[in-house]
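The following pair of complexes shares a single chain, chain A, combined with chain B in the former and chain C in the latter.
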Partner chain A sequence: MKKRGRGVSTVIYSLTITNLPNPCSANIQMKEDGSVVLQTGACDIGQGSNTVLGQMVAESLGIPFDTVTVYSADTERTPFDTGSVSSRLTFTAGRAVLAAVEEVKEILFATVARKLQVKAERLAIGEGVIYYLYDPEKVMTIADAAFEAHFVDRRLPMGKGEYYPQNIPVDEFGQGEPSDTYYYLATIAEVEVDTETGVVDVLKMYAAVDCGRAINPMMVEGQIQGGAMQAMGWALREDMYPLCTQVNGVHPEFNPDFRPDNFGDYAIATAKDIPEIYATWVEGIEPEGPFGAKAVGEITANSGAAAIVNAIYDATGVRIYDLPATPEKILRGIKEEQAAGSSSGNQPR
Partner chain B sequence: MFTMSRKNICFCLNGEDIEATVDDSLTLLDFLREKLHVTSAKKSCKQGDCGACTVLLNGKAVNACLILAASVNRKEVLTAEGLGTPGNLHPVQKAFVELGASQCGYCTPGFIMAAKALLDKNPNPTYEEVKDGLSGNLCRCTGYTKPIEAVLSAAKEMREAGK
Partner chain C sequence: MGTYEYFQPVTVEEAVELADKLGSKSLFMAGGTDVIVGIIEKVIRPEYLIHIAEIEELKFIRLEDKVLKIGPLTTMAELAESEVVREKATALAEAARCCAGPQVRNLGTLGGNLGTASPAGDLIPPLMVLNALIRVTMPNGEKIISVREFFVGPKKNVLAQNELISEIVIPILPAHSGSGFSKLGKRKAMTISIANAASVISVDDNGLFTDVRVAVGSLCPTVVRLEQFESVLIGKPSTIVEIEKARNLVNENVNPITDARATRWYRNEIAFPMVKKSMENALGAIR
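For the complex of A and B:
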C-alpha cells in the first residue's frame, strides 16, 4: 500500500564567523574610461560570488554590469580572503566591496565638485552620471569624471575595502554569539511511502529562505533547488558506510573497505530522481548587510532531510533517527509499529 | 612479456581531421585532454558514473572515459568546443547561460553534449523525456531543475529557428 505524508522543518543558520578573525577584502580601480576592475580574495565556487560582487559594484557606482571585471581568489594577484565558508561571502565580501566603492566615489565626487563648483557632499551617483542633488542639470558622466580625476586632478579613482566580522569571545561555558546575523529556511516535503517495500518517493519539496535582499534572484532560486536535491539525497540514500550493519543507529566499525568509492554506490540523485521543487525567498532586509543582503548558500541543504523524515512519520508513523532513511529501516519500523499495535490492541497506523 | 601496442588512428574532431598514433589502452578522454588539450570533457569519476566527460561519437552521447581512443578510428567526435564559440553559442549553451543552469560548471559541458544528442534525436521532448536524456549526467549544485528548463527552452528556440 502506498501512503502519503507531509513534513515540515525549519532551520536557523549563521552567516559570519565571530570566534575567529576572518577578514574579507576588495580592491577597486576605476579606469580612465569609467570601467572598473574589482580584485577580491572571495572565491567563487559556483555559488556566484563573482556575479553578486560585480553587481554590487555596478549598482553602487551606477555603471553597467558588463563594464565591471572581477578578478577573484588568486593569492598572487588578489588581496586576502578567509574563504568560501559559512555562507559568508555575499555579506562579508559585499561589505568589503562597498567600503572600497566609497573610496572611489570620494575621489570622483571631489573631481566633479571642483568641475561643477558645488559641494561634494551634495552629489549623487547613478545611471552613468554624477549629479548635483539640487539641480539635475548639473551633471558629469562617470567616464568624464574618471578621466578628469586621472589626468587633471591626478588622483586615481581607486579604493581599498576590508571587512572584519565582529570578534565575540565565548564565555566560560562556551556560549556566545556565533554570527553577526542569522538567516532562516523552512522546507515542506510531500512523500509517498510504499509500505510493502519501504521505498520512499519524494513528490514535492517547497523551500523558502529568508536571505535578506536577493541580489541575484535567479541564482538564489538555483541555490535553493540544488540544496533541496542534496537534502533529499542524504535523507534517503547517501551513506558513507552503506554495507555496515548498524546497531541502534551506530556503525560498529567504520571499515574503509565498505566505503563507496564511486557515485553509483554512493548513489547521488540523478535528474530522474528529483521531486518537484518549489523555491521561494523572503527578503527580510538586514540593515548591516550590503543592500540588505544576508546569505543563501549552505542553509538550502540543511532542513530538507528533517522535512522528509517528518513526512515519512506522517505517512507511516515510523520515526527515523539515523540517515539515510533506507527502505530497510522503514520496513523494520513499520513491522515494529505493527507488532506494538497488535500487542496493545491498537489499530496500526 | 607484456608489450603495449600502438595504433594509427584518423578521426574527425569538431570538424577537423586528426591523425595520431595512440596506445591502445589510452582512453578517448585522456587523449582529448592530455594529448590534444581539448579540455571541455571533464575527468571526474573515470568509470562512467557521472557523465562529466560526455562527448558525441557519431552523434551519440558517450562517456569518453569508457571509450578507447583507438576505437574512434574513422569516426566523428564532437565536444563542447565544436558546438559553439563564446561569440556564437549553440542554443543549448545559450539557454544554460541565460537560465543560470550552471553553478560550479564542472558537469556543464557533459550536460550540454547530452542535451545536444537528445535534441538531435527528439526536437520536441517532454519534461520527462528531458529528464531521461540527462539521467546519465550527475550534478551536485543545481538540483537539475534549471538544466532541464534550459534544455526545454533551447528545444523551443531550435524548433522556432528551424521553421
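For the complex of A and C:
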C-alpha cells in the first residue's frame, strides 16, 4: 500500500560572525573608458559571489554588467577577505564593495560638477550617465567622466572599501548578538511511502527563503533547488555506513565487515529520484545589507531533511530520529506500529 | 590496469578459435561494462582480452513462428526499445529499461549479463521465467543449455573459457499470457538490485491461472525459480488475494545475505512484495 504525507520544517540561520573579527575589503578601479575592475578577496566557491558582487558594482555605478571584471580570491593580487563562511559574503563583501564604489563616485562627481558647473551633491548616477538632479538634460556619460577624471582633473577613479562587521564578544553566559542579522527558510515536503518496502518517494518539495533583496533571482532559485536535493539525499540515502540500520540506537543486523570505501556504494540521487522542487523567496529587506540583501547559503540544505522525516511520520506514524531514513528503518517502524496494534499513521488521504 | 594482449575477431568462429588457442588466461569482452570494471579493480586479470563487440552476426532480434531469437550482442538499450521484445518478452524489455543508466545500457549486452552471471543481473530473471535456451558455440560444435541450468553460483556459469554464447532463444508465450518485472534498488537508476523479480502468467477463459512462473534475483546465490509458490497457484483465480495467500512459499524458498546494499532482514521482508509487483505487471500485460 502507498501512503502519502506532508511535513514542514523551518530554520533560522545566522549570517556573518560577530564574535570573531572577520574583515573584508575591495578595490575598484574605473578605467578611462568607463569599464571597471573589481578586486576582492571574496572567494567564489560556486555560490556565485563573483557574479553578485559584479552586479552590485554595475548597479551602483549605472554601467552594464558585462563591463565589470571581477578578480577574486588571490592572496597575491586581491585585498583581504576572511573567507566564504557563515553565509557572509553577499552582506560583508557587498558592503566593502559599496564602500569602494562611494570613493569612485566622489571622484567622478567632482569631475562632472566642474564640467557642468553644478554642485556635486546635486548629481546622480545611473544608466550610463551622471546627471544633474534639477535638470536631467545636464548630463555627462560615465565614460566621458572617467576620461576627464583621468586626463583633465588628474584624479584616477579608484576606490578602496572595507567592512568590519560589528565585533561583540558574548558575555560570561555565552549570550550576546552572535550575528549581524538572520535569515530564514521553510520547507514543505510531500512524500509517498510504500508500506511493504519502506521505500520513500519524495513527490514534491516546496521551499521559500527570506534572503533579503534577491540580488540575482535565478541564482537564489538554483541555490534553493540544490539545497533541497542535498537535503533529500541526507534524509533518505546518504550515509557513511549504509548497513548501520539503527532503530533507536540498536543495530539489528550490523555487518562489521562492511567498510564503504568508494562512492560507488554511496548512492546520491539520480535525475529519476529528484522530485518537483518549487523554489521561491520573500524579500525581508535588511537595512544594513547591501541593497537590502541578506544571504542564501547553506540554509537551503538545512530544513529539507526534517520536512521529509515529518512527512514520513504524517504518512506512516513512524518517527525516524537518525538519518538517513532508509527503507529498512521505515519498514521496521511500520512493522512495530502494526505489531503494537495501532493503525499506521493518520487518516490516509 | 595491467597489460594484456587485445584481439578483435569479426566472426564467431575466429573468436572461439582464438579463445581455444590462447587458453585459460583469455577472456571474452562484449560491452565491457563489467569486464573493464573488473580489470580496473584487479578482480579479473586476463592476459588476453578477446573483444567480440564487432561480431555483426551476433547482433539481431528475429521473431519467428514460435520463437524469438536474440543475438547476445544485443544491447540493453536495444532490448528496451524493440517493439518486438516489448510485445513478446515484456519482462525482458522492462528489465532492460531498468538497468543502470543510458550510457551503460548503450554498451551492456544480453550475453554479457549471462556471462557475468551475477545473482543481481536484471536480465536473468526474465530469461528464467521465459524458459530461454542458450546456444553456445564451442571449438568443435554447438550445444544448447537451458537458462535454468546455466548458473551454478554467484558469478559462475557453466561455460568453459573457450565457449561463446551465440544465441538466446525465447519460446513465444501462448495466448492469454503476460510477463512482468520489478526491481528495487537504493535509487531509481544506476543501482544494483537489492532484489528483483520476473513473472510469466497464463490464464484461461475463466481467469484461473493455467501457468505461473516466478524468478527472483539477489535473494539467493543465483537467480532461482520459485517452484513451490508457482505450483500452488495453478488453477486458482488470478487475483492479488490468491497471490497473497501463497506469500510464505516465497520466503521459505529464498535465502538472502547481508551485503553492501541491504541486510538479510530487509531482503526477506521485500521478497514477497517484489514477487507480487512483478505478477501485477504480468497480469497487466496479458494479451
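Definition applied: the second predicted complex is superposed on the first by the 324 of 349 C-alpha atoms of A that agree within 3 Å, B and C clash if a C-alpha of one lies under 4 Å from a C-alpha of the other, contacts with A are read in each partner's own complex, and residues count from 1 in each chain.
Rule of thumb we're sticking to: a residue touches a chain if its C-beta (ideal position, glycine included) is under 8 Å from a C-beta of that chain, and two chains touch if they have at least 3 such contacts.
Remember, it's a predicted structure, so these values are computed and weren't measured experimentally.
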In the superposed arrangement, does A:Arg237 touch chain B (first), chain C (second), both or neither?
second
One more residue to check, A:Ile285. First (chain B), second (chain C), both or neither?
neither
In the superposed arrangement, which partner chain does A:Glu196 touch: chain B (first), chain C (second), both, or neither?
second
Touch test for A:Ala271: chain B only (first), chain C only (second), both, or neither?
both
For A:Phe263, decide between first (touching chain B), second (touching chain C), both and neither.
first
Contacts for A:Ala228 in the overlay, against chain B (first) and chain C (second): which applies, first, second, both or neither?
first
Partner chain(s) touched by A:Leu331 [first = chain B, second = chain C, both, neither]:
second
For chain A, give the residues common to its interface with chain B and its interface with chain C.
268-272
So in the complex, the part of chain C that touches chain A is made up of which residues?
101, 184, 186-191, 258-266, 269-270, 273-274, 276
Report the residues of chain A in contact with chain C in the complex, numbered from low to high.
194, 196-199, 237, 242-243, 245, 252-253, 255, 258, 260, 265, 267-273, 327-328, 331, 335
Of chain B, residues touching chain A in the complex
45, 47, 49-50, 99-105, 130-132, 134-148
Report the residues of chain A in contact with chain B in the complex, numbered from low to high.
45-48, 218-219, 221-223, 225-230, 262-264, 268-272, 274, 277
